[in-house]
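Naming follows writing order (A, B, C, D, E and F), and every chain is counted from residue 1.
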Amino acid sequence: MLKRLLLTGAAGGLGRAIRPHLARFAETVRVSDIADLGAVAPHEEAVRCDLSDAAAVRDLVAGCDGIVHLGGISVEDKFSKIVGANIVGLYNLYEAARAEGQPRILFASSNHTIGFYRQDEHLDAAAPLRPDGLYGVSKCFGEALARMYFEKFGQETALVRIGSCMEKPTNYRMLSTWMSYEDFLALIGCIFRAPRLGCPVIWGVSDNDTRWWDNSAVSYLGWRPRDNAERFRAELEASLPRPAPDAPMALYQGGQFTQDPIFEEK
Amino acid sequence: MLKRLLLTGAAGGLGRAIRPHLARFAETVRVSDIADLGAVAPHEEAVRCDLSDAAAVRDLVAGCDGIVHLGGISVEDKFSKIVGANIVGLYNLYEAARAEGQPRILFASSNHTIGFYRQDEHLDAAAPLRPDGLYGVSKCFGEALARMYFEKFGQETALVRIGSCMEKPTNYRMLSTWMSYEDFLALIGCIFRAPRLGCPVIWGVSDNDTRWWDNSAVSYLGWRPRDNAERFRAELEASLPRPAPDAPMALYQGGQFTQDPIFEEK
Amino acid sequence: MLKRLLLTGAAGGLGRAIRPHLARFAETVRVSDIADLGAVAPHEEAVRCDLSDAAAVRDLVAGCDGIVHLGGISVEDKFSKIVGANIVGLYNLYEAARAEGQPRILFASSNHTIGFYRQDEHLDAAAPLRPDGLYGVSKCFGEALARMYFEKFGQETALVRIGSCMEKPTNYRMLSTWMSYEDFLALIGCIFRAPRLGCPVIWGVSDNDTRWWDNSAVSYLGWRPRDNAERFRAELEASLPRPAPDAPMALYQGGQFTQDPIFEEK
Amino acid sequence: MLKRLLLTGAAGGLGRAIRPHLARFAETVRVSDIADLGAVAPHEEAVRCDLSDAAAVRDLVAGCDGIVHLGGISVEDKFSKIVGANIVGLYNLYEAARAEGQPRILFASSNHTIGFYRQDEHLDAAAPLRPDGLYGVSKCFGEALARMYFEKFGQETALVRIGSCMEKPTNYRMLSTWMSYEDFLALIGCIFRAPRLGCPVIWGVSDNDTRWWDNSAVSYLGWRPRDNAERFRAELEASLPRPAPDAPMALYQGGQFTQDPIFEEK
Amino acid sequence: MLKRLLLTGAAGGLGRAIRPHLARFAETVRVSDIADLGAVAPHEEAVRCDLSDAAAVRDLVAGCDGIVHLGGISVEDKFSKIVGANIVGLYNLYEAARAEGQPRILFASSNHTIGFYRQDEHLDAAAPLRPDGLYGVSKCFGEALARMYFEKFGQETALVRIGSCMEKPTNYRMLSTWMSYEDFLALIGCIFRAPRLGCPVIWGVSDNDTRWWDNSAVSYLGWRPRDNAERFRAELEASLPRPAPDAPMALYQGGQFTQDPIFEEK
Amino acid sequence: MLKRLLLTGAAGGLGRAIRPHLARFAETVRVSDIADLGAVAPHEEAVRCDLSDAAAVRDLVAGCDGIVHLGGISVEDKFSKIVGANIVGLYNLYEAARAEGQPRILFASSNHTIGFYRQDEHLDAAAPLRPDGLYGVSKCFGEALARMYFEKFGQETALVRIGSCMEKPTNYRMLSTWMSYEDFLALIGCIFRAPRLGCPVIWGVSDNDTRWWDNSAVSYLGWRPRDNAERFRAELEASLPRPAPDAPMALYQGGQFTQDPIFEEK
């Protein structure tokens, strides 16, 4: 479908999980990270790159007609680190894309942009932001930046607010937030296949019984997740005690992140 | 899951139907009614109780960590009877719960809180109340009382607006309002299993083709009803004439209740 | 305009304040209370009446073509007293009205039906109820009862959620909730003058700078309050310390009522 | 179910496709068109009729207890032709129905009433109209006319905004707009079976993965489309190039119609 | 401000009232009607024109840079007359405008597009249409036609839903619907002065105490009506009995129009 | 009212305009900027400070019980400069406030957070963000950061989306966006006077006839702007040509900012 798909953050947990499957979508997959990228498959190109280096990012993006941007910091951290990777790094990526033919971008945003909603609230994409930490705030920045490049230059981006994309749910909250790798891969397919994408917010979550988020505004993309975290419930209940109703894990959509302190700078 | 679940109204129609299945949810089931409770199973405790007797209600609630409250008047009746059972009785129940550790409550509210909406209207939980008789008004009172105990004291309640919970639909309106016993039992499970419940309105209805009510606001509970009244349509059409478009049975969501007179007090 | 206007609760604080002015609206004003009614003006009829006595209420209503219903309990109290005056008493009033030609009713509901909203929230009439005590719950009952009589029998009622109808504001919260007597009298005029009233919720509040409530849904009534609590601010600030941001007085629309205990029955 | 169902536009593409299946719904099917109607089945009556002839239309409608109105112009055309068939013709049909017992009507409206929404927008029935040509404007007229006959005379109509009702999708846009014949027939059944119909807008579209339209407001009709255009995707992708993101076919819900010129009159 | 403003319907009641004041807005005012236009002022050009004559309409529009379109039928009438003047005539006007440089248009739409809403309902511009007769349906057509020319060709139109634009209110309903001539003239000024108009619905009503309609969506036009029908209330009450609550005059926003029959064609 | 109010950006255009008036609100006014602060009044303290210096910002905030934060970059600029002043600088301010007793903050956000809405759109505070440049994106970041500190730590902030706060409007767009100094000062008073502020979005605009923005959600603050840009219209029209309907100045709420390029880094 695509000529060359760029995957950033390819050495991270989620990057490693989806990397082997991206050949479905592109002839060549350019994998990138600041960390070691391991063995390179025949259809792959590996590029070590620090996102805060604007010139390097421009080289990275050149020649690609699609980008899955998982790169940057993906948990709470010191603000200086978040600024470099998620704020300056994202600006570098969009400037590179603007210069290099505006390849369509999947931006890995996060549920931590809205983490302070309670778990008994049902959200659609228009819910005002309520980030739960500096990491979440950096993702709000990213969504705003992408929107500006869309309005001003026509750059299309899918703003995927990823819940918990993992092998399987590992705590009670993830029964609501889990997204299977296979559902995420199907979503990637929908995003790059759509004749017109625009710049929508998409909730990155499987068809879990206890989901909180409503994707009907993006029905035009045709994504119908097939997995359901419910099948892991018995296993989970056998191994973990149920959280108290007022534990952050049970109270807020962002779970434990809402309790993270602001990290000291040094 | 629970230590001791209290079922009020256990001798009523719905109470009798679900009572045998409650052992799924609790080690002990305390069944209660003002009427005779019949034979008592090994996992059950039977307690005769008049809900208008505050002291008796407190004893009834003591030791329970969950309550399914079906007790009280469930059809149109004289106001004096409704006041005793559904207004004073409910106050007694909430006061008892407040004193006895705030067990989670499933309150059997009713579609008759909104019975004057037309059948061609689609409702979610935020639709303003339109009760269709004194019974419906008493359920509006109950929802308001439960909400106040939630806001003021943190008491959690599921406000289940039951449609028609019966063996099967017995008129055309019930093709829309029917809830199977099995779906109701699954809902009970979801309500007591949720780490956090809050005080939501839940439409108590199966996945009927011709349903009117939208439960997406409570997707976090994970209830997915499996039954569908449509499979009884042929049988129903063979035995009953279709109502006229302006018959109350076809016009209002509350059906015939909208036509009930105010009962004389004598 | 009217032949005979019934004022219930005429011996209460608000009743005494507006009573002398009701001759603007009716040839005869029938004043009523359970308490002593004092001197009777030439255009007045005084009737002592206990609202929990159905037969007495029917006599009270007979011959009236308009009712301003301020009667009943207007603060937090024991539930048994609230049931008698605000629940059974209100039912008696509506049954009497149904039998006696359905005079239009102004029902004094209360901001305590929604007292648990925060003071930084802006409400219109469709906001779901959040009563702040048993008194507020009884007013929710009253609104539901009035709505049912409207849907079922066509009885028109204005559901006036009174803020603080007093000579002047006496605490900071009342800078938002105050309604002047003159504005209330103007509202009474609009309600009885309208060719068609229906059964609307109306926020009973002056044009205060710091108001929380939106009456645009009832613009058809033509009520434009003229007073503004702001003119009392300087006086108030000179005499009272500002409440802390998290004091109930500053946090909740219902103010101190949200902190009232449930009154003991004995 | 019905005694006599009138099908107008029976010689058009959609009319020919559904005509053989209408015996499911009625003892007699009266088929009509301005063009030749071909062979007539035993359960059919064939009537040639010009919709702009009021008297002929009245005869056509007489004796029918249901109407599926596909007649008139169904693509962009000269305004004079649209006026005759879709404006005067529709008025004639409603006047005939008013005189002949108000048979329930299915009016074939069109997605071209809202064709200027973008394909990345999700619509429900309350979205303001945005017609994409004179044909679409004539369908807006038809919806308004039907609504007026409903409000004023109680005439019930289903306003079915047909997407693309064809054997199968033949371009990328139809992956979103396609409605299978079988789903349309099921919808016809729901419309004539409902005890009460009212005058709702219904999106005529199958359960396509990439649909844009939300029918939840008409859940009371019980229509659950079973087909999905997605199964034709591979075939389509093999034969047609993907449209550019800013091609009208990819940009607007009305597709190419948004580009049609106004037809010259002579 | 304008070079040449075209006023159609200049011989009608509203046309005659505003005609003398249009010199505020344009150097030349071209007045037109199918009827006699009376004496012509120095700044005026008078053109007799039948709107159903396309060529004549094109000549009429040529050279104008603004149009106030009051022409056509403005009350309930035979459909054939409405089709000629309000449907074909409007199409002719928009085709002429398209050919002649797209002068901005003020289209006199009507409250009869929504006449079946009740008088106790508050409407904004997004309320679905509920026309109250064939006249109202023709105005729905006009709004849809104007919207299509805006979306397709960029033609700007103000869709002014005129209430009752008269010297003064002459019945109780007009206390809500009245628009003074001076307020209408101010609105004309706002419409032609705005740098960008778009194609908005505007409620044509003064700042009446008992108004039903909300213009906040068009605040960008800067129209602040100054008149208020309330000052005529006393005079009206002295001369006319109040309507019954269920009289169409008191029940529906469209008033008596909701009761008009469909006019016979011959 | 306050003991010590900090004004950042005191040497900027807006800072210089309001600085002389801040003595109304506080005993001491601490004025700060990276640039020279000029003469210091008796009630003032002047502190030179670079917002990107965390330690200096902490000292700056210490001892203040209110902050009006106008500091940082206030027009489009190179991203590296925006990051330092508006992103890192803002983080420093909030960290300082968290450490120093959480003084209430007025954050000067901007209409450029939503600059890509059209001028014929009416917005309330819930409208999704549509920033028009890097500057606008940095203000989106600031709103998100403030919201996070509110949810997580209870820090109160007024997010004032300033339109054009100047002596008077200097182009047509400012007839809609202008806020007078006096109205801004009144708003500052409301913000620091409110017993409870929360973290609301406030549109910083006078009561201009042609305003686009709706502040009803913050009616609880009691701000009623008194000025109106309309009084400058004649002067403006005499000196400036009207913009074309599709000029960015007339099309977008953000005006010319929507056309600014991304600034080159070197």
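Keep this in mind: a residue touches a chain if its C-beta (ideal position, glycine included) is under 8 Å from a C-beta of that chain, and two chains touch if they have at least 3 such contacts.
Small disclaimer: the values here were computed from a predicted structure and weren't measured.
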Partner chains that subunit C and subunit F have in common: E
Type of subunit B:subunit C copy interface by residue overlap (half), same or different: same
Contact-richer chain pair (by C-beta pairs counted) among D-E and E-F: D-E
Between subunit A and subunit C, centroid-to-centroid distance (C-alpha), Å: 53
Rounded Å distance between subunit C and subunit E, as computed from the means of their C-alpha atoms: 42
Residues of subunit C engaged with two or more neighbouring chains: none
Set of all touching chain pairs, with the criterion as stated earlier: A-B, A-D, A-F, B-C, B-D, C-E, C-F, D-E, E-F
Of all residues in subunit D, those that touch subunit B in their complex: 156, 194-198, 200, 216-224
Footprint of subunit A on subunit D - complex, ascending: 118-122, 172, 175-176, 208-212, 214, 230, 242-247, 249-251
Of subunit E, residues touching subunit D in the complex: 54, 79, 83, 87-88, 91, 95, 98, 113, 116, 126, 128-134, 136-137, 140-141, 143-145, 147-148, 151-152, 258, 262, 265
